[in-house]
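Structure provided below as structure tokens; questions to follow.
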Amino acid sequence: MDVISNQLFAGLSMASILLMIALGLAIIYGAMGVINLAHGEFVMLGAYTTWALQTYAGIGILLALPIVFIVVAAVGWIIEKVVVQNLYHRPLDTILATWGIGIILQQAVRLGIGAESRFVKGPELLSGNTQIGPLIMSNYRIFLIFFSVAVLYGTWLLMTRTEFGMKLRAIIQNRGISECYGIEAKRIYSLTFAYGAGLAGIAGALITPLFSTIPTMGTGLVVDAFLVVIVGGLGSLIGAASAAVLIGEATALFSIVINDTLGRIAVLAGIIVLIRFRPRGLFPTETRR
Amino acid sequence: MTSKFHYDLIALVIFAIVIAFGVPALMNYDGFELNTFARYLALAIASMALALSWGTAGLLNLGQAATFGMGSYAMAMHLKLRASDGLPDFMGWNNVSELPLIWVPFESLAFTLLAGLLIPAFIGGLTAVFMFRARIAGVFVAIITLAFLVAFQLLVINQQGMTGGQNGLTGLAQLSLPGWTVDPYSTGFYYLVAGCLTVALAIGVYLTHSKFGLILRAIREDADRTRFFGYNVATYQTAIFCLSAALAGWAGMLYTMVLEFASPTYMGVSFSLAIVIWCAVGGRESVIAAALGAIIVNMLEGRLSDVFVEGWHLMLGVIFVLVVMFMPRGIYGVITETAKRLHHPKRRHRKTDLQSSSTKQLETGQES
Amino acid sequence: MQQLQVTDLHVEFGGLRAVDGLTFNVEEGEILCLLGPNGAGKSTTLDLICGKTQPTGGSIRLNGTEISQMLEFHRARLGIGRKFQVPSVYKDLTVAENLSVAISKRPGIWSALSRFALSDVREAGAILERVDLSSKSNELAGNLSHGETQWLEIAMLIAQDSKVILMDEPTAGMTIQETERTAEIFRSLSASHTLIVVEHDMSFVRTVADRIIVMNRGAMLAEGSIEEIESNEDVKTAYLGH
């Protein structure tokens, strides 16, 4: 029983990380149909920015979050302007181009900062554990779970309650007509891409105490995050959240039953089957496209 | 037979002559240099195989490295058995005391050669049936094949006692064919790989110009429309996936012989995407261009990574993004478009002619 | 002989009954025109026959064989051909290649592997002559004008040589002369083919139709010759909405 409840918590904690990475991806994919394979590198940039802020300016993770968001969002904004914007009519090519961008970012960091892993201290405030019966939970992971739910809620508010969100949804429905009503699709796309990148940056900042910060850290994460997006359904926030929990918990539970690697293989196989039978995800948006 | 087919035949013959006579002469028949070039030629087969599924049928297979790896491991298993008396050494280290059942038939060379082609074809075919029966298309094909690749690589690394895990299979024997022990640093071996590539390209050129290739291009453009002509789209897609996988397996077998080891690195996501790069740089519409793309990028990598040890990958990324943005059809696209411009310098005028004739039609239509 | 028998056909899209208990037969060699106001279910009926949409109930028999549960390529092999409302030629293929795809008497993989892309087209050169496209056979279909695209599609239908051809507004966007020529081609096709045509252009219907079915709200409203339909009170009501 102890093992299971601890694993369930580990799964939830992993789900919260996956969710934060996947949210940005889901927005970019849902809004523009762009499969952004550079997303993992945005996470990596966020982690390195946090490391730099802590090492050179002494700013802790939590205070660094807004700065990280702005820095990574700016990088995303530039990339959208220079590359992605020219490829909206060629969805398969965006996979390739963003993957190339991923290599560039990864190698640039490797050349500039070095390939050895960097460490970031977690916030003092959240060190230690909370124990409920046999269940031992790290305070930082509990914080991550709540924070990811807050980010989800914030994003939902942004999409449904603001003018920006309304314009974005209008463009998703029908770009041509939206432009006729004076919505600048190009600008909205750039901002959306930047927002998605910024979210990845925040995710990167938050995982620094848990993962070692190396240039290739994003590559493994992006595949998982992608599967979350696809399983969740095109651009559905609730779908992404449920898929993150599903995949996080499934991975955690499988790894008790079999070992870690086989657990991951089983999850991947499950996802492949799921995509095949529900290519539009668990929660497809009910619109005619 | 079309003029395009003639161009491709001429290109194929020139290509074959260059790799058969030009390259070895240029390298002074130096065993080491020829081995390096043979490596490029083996990779060229993997690239042209991807051109068949991606360029012709529009199916972006991001799992090409998995089928490549299957061929590579099949050959390595055979050569490992040849190199060891009884149990391969790494199995002992992993407390495996008996040769696993799947290893047993790889004692036979004939079985190995067949398995290196048919196992990838079979696995490729299974994934294809699984996807295409459900009419999965576009980015979903890319995502499913990518997930499959990740799972497959994990599995191979995980089964250490059977596959050598992260280390792969090393310490292999040289392949002994009847009357010939294949030394990977010999001219003979170079010709073996060059011959394989030429045959693979000939198959590829035929396929793209056959009615089969035409139907695949039709499916790429509009799968639904093609169904209404009575073609079973899923079968066509599955067939090209199998063929492409078999060719990738073939490339993998040769690659193991070149390197004298097999490694799970060559089943990884980055290797798979590297194949996509070669194919895109050369031009995915033509198998010859895709093969050239592999050779050019790998040659550049060979030369430049000596000079810019650190910066090479960065440059590769930049080149790739530029190719995707500005040369979506690769080198092949640049060549054909230039050729077209030389052929029809007055194309613009003809366009306006067409327009005026259609407006004339409209006018006469209104009169009557 | 009854070539196509449609019996009590139903289809629902999320509660909307697009086709609701439709029954009709088509004779071999007949040109049947489907008329009706927008949303009457005409195009959906064609979709159901060719397999683009699966029916929720009813039966469709082609020469006695039940086809309503078959996949579209099986139906195509049995002899159902379809022309869509939006011109759907392969723009990245040449005119000759488009025609070669349409020649699909042997749609299997082995036969496709054993022939060159254009082997079949030489036999079918006469079809291109007939629609005046033989000089453009190496042109990409995407470079054709709107009218030429329509002709190419008709050429592809002739080449496909289906027993039953379903056409959705074949004359949309055509000039009067082109429409006349299309009517001529249709009449000559009906010697060896059965045609079901959805069309709004009444003068075209008048020239080609052997029989007319008027649909309204997914069901048959009236059936008969052009004269019978034009004098039918129900039809007038459906169209004018009184």
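When the chains are written out, they are named A, B and C in that same order, and each has its own residue count from 1.
The working rule: a residue touches a chain if its C-beta (ideal position, glycine included) is under 8 Å from a C-beta of that chain, and two chains touch if they have at least 3 such contacts.
Computed from a predicted structure; not experimentally measured.
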Central chain (by mean CA position): B
Centroid comparison with chain C (C-alpha atoms), farthest chain: A
Whole-Å separation of chain centres (CA-atom averages), chain B against chain C: 41
Computed distance of Cα centres, chain C from chain A, in Å: 49
Between chain B and chain A, distance of the C-alpha-averaged centres to the nearest whole Å: 32
Partner chain A, residues of chain B touching it in the complex: 60, 130-131, 134, 136, 138-140, 142-144, 146-148, 150-151, 154-155, 157-158, 269-270, 273, 276-277, 280, 310-311, 313-314, 316-318, 320-321, 324-325, 328
Parts of chain B lying in touch with chain C, wherever the complex brings them together: 1-2, 5, 207, 209-215, 217-218, 221-222, 224-233, 235-236, 239, 354, 357-358, 361-362, 364-365, 368
Chain B contact footprint on chain C (complex, rising order): 50-52, 71-73, 76-77, 81-82, 84, 88, 90-93, 97, 100-102, 104, 107, 109, 111-120, 138, 145-147, 160, 175-178
Residues of chain A that touch chain B when the two form their complex: 35, 83, 86-87, 90-93, 95-97, 99-104, 107-108, 110-111, 219, 223, 226-227, 230, 259, 261-262, 264-265, 268-269, 271-272, 275-277, 279
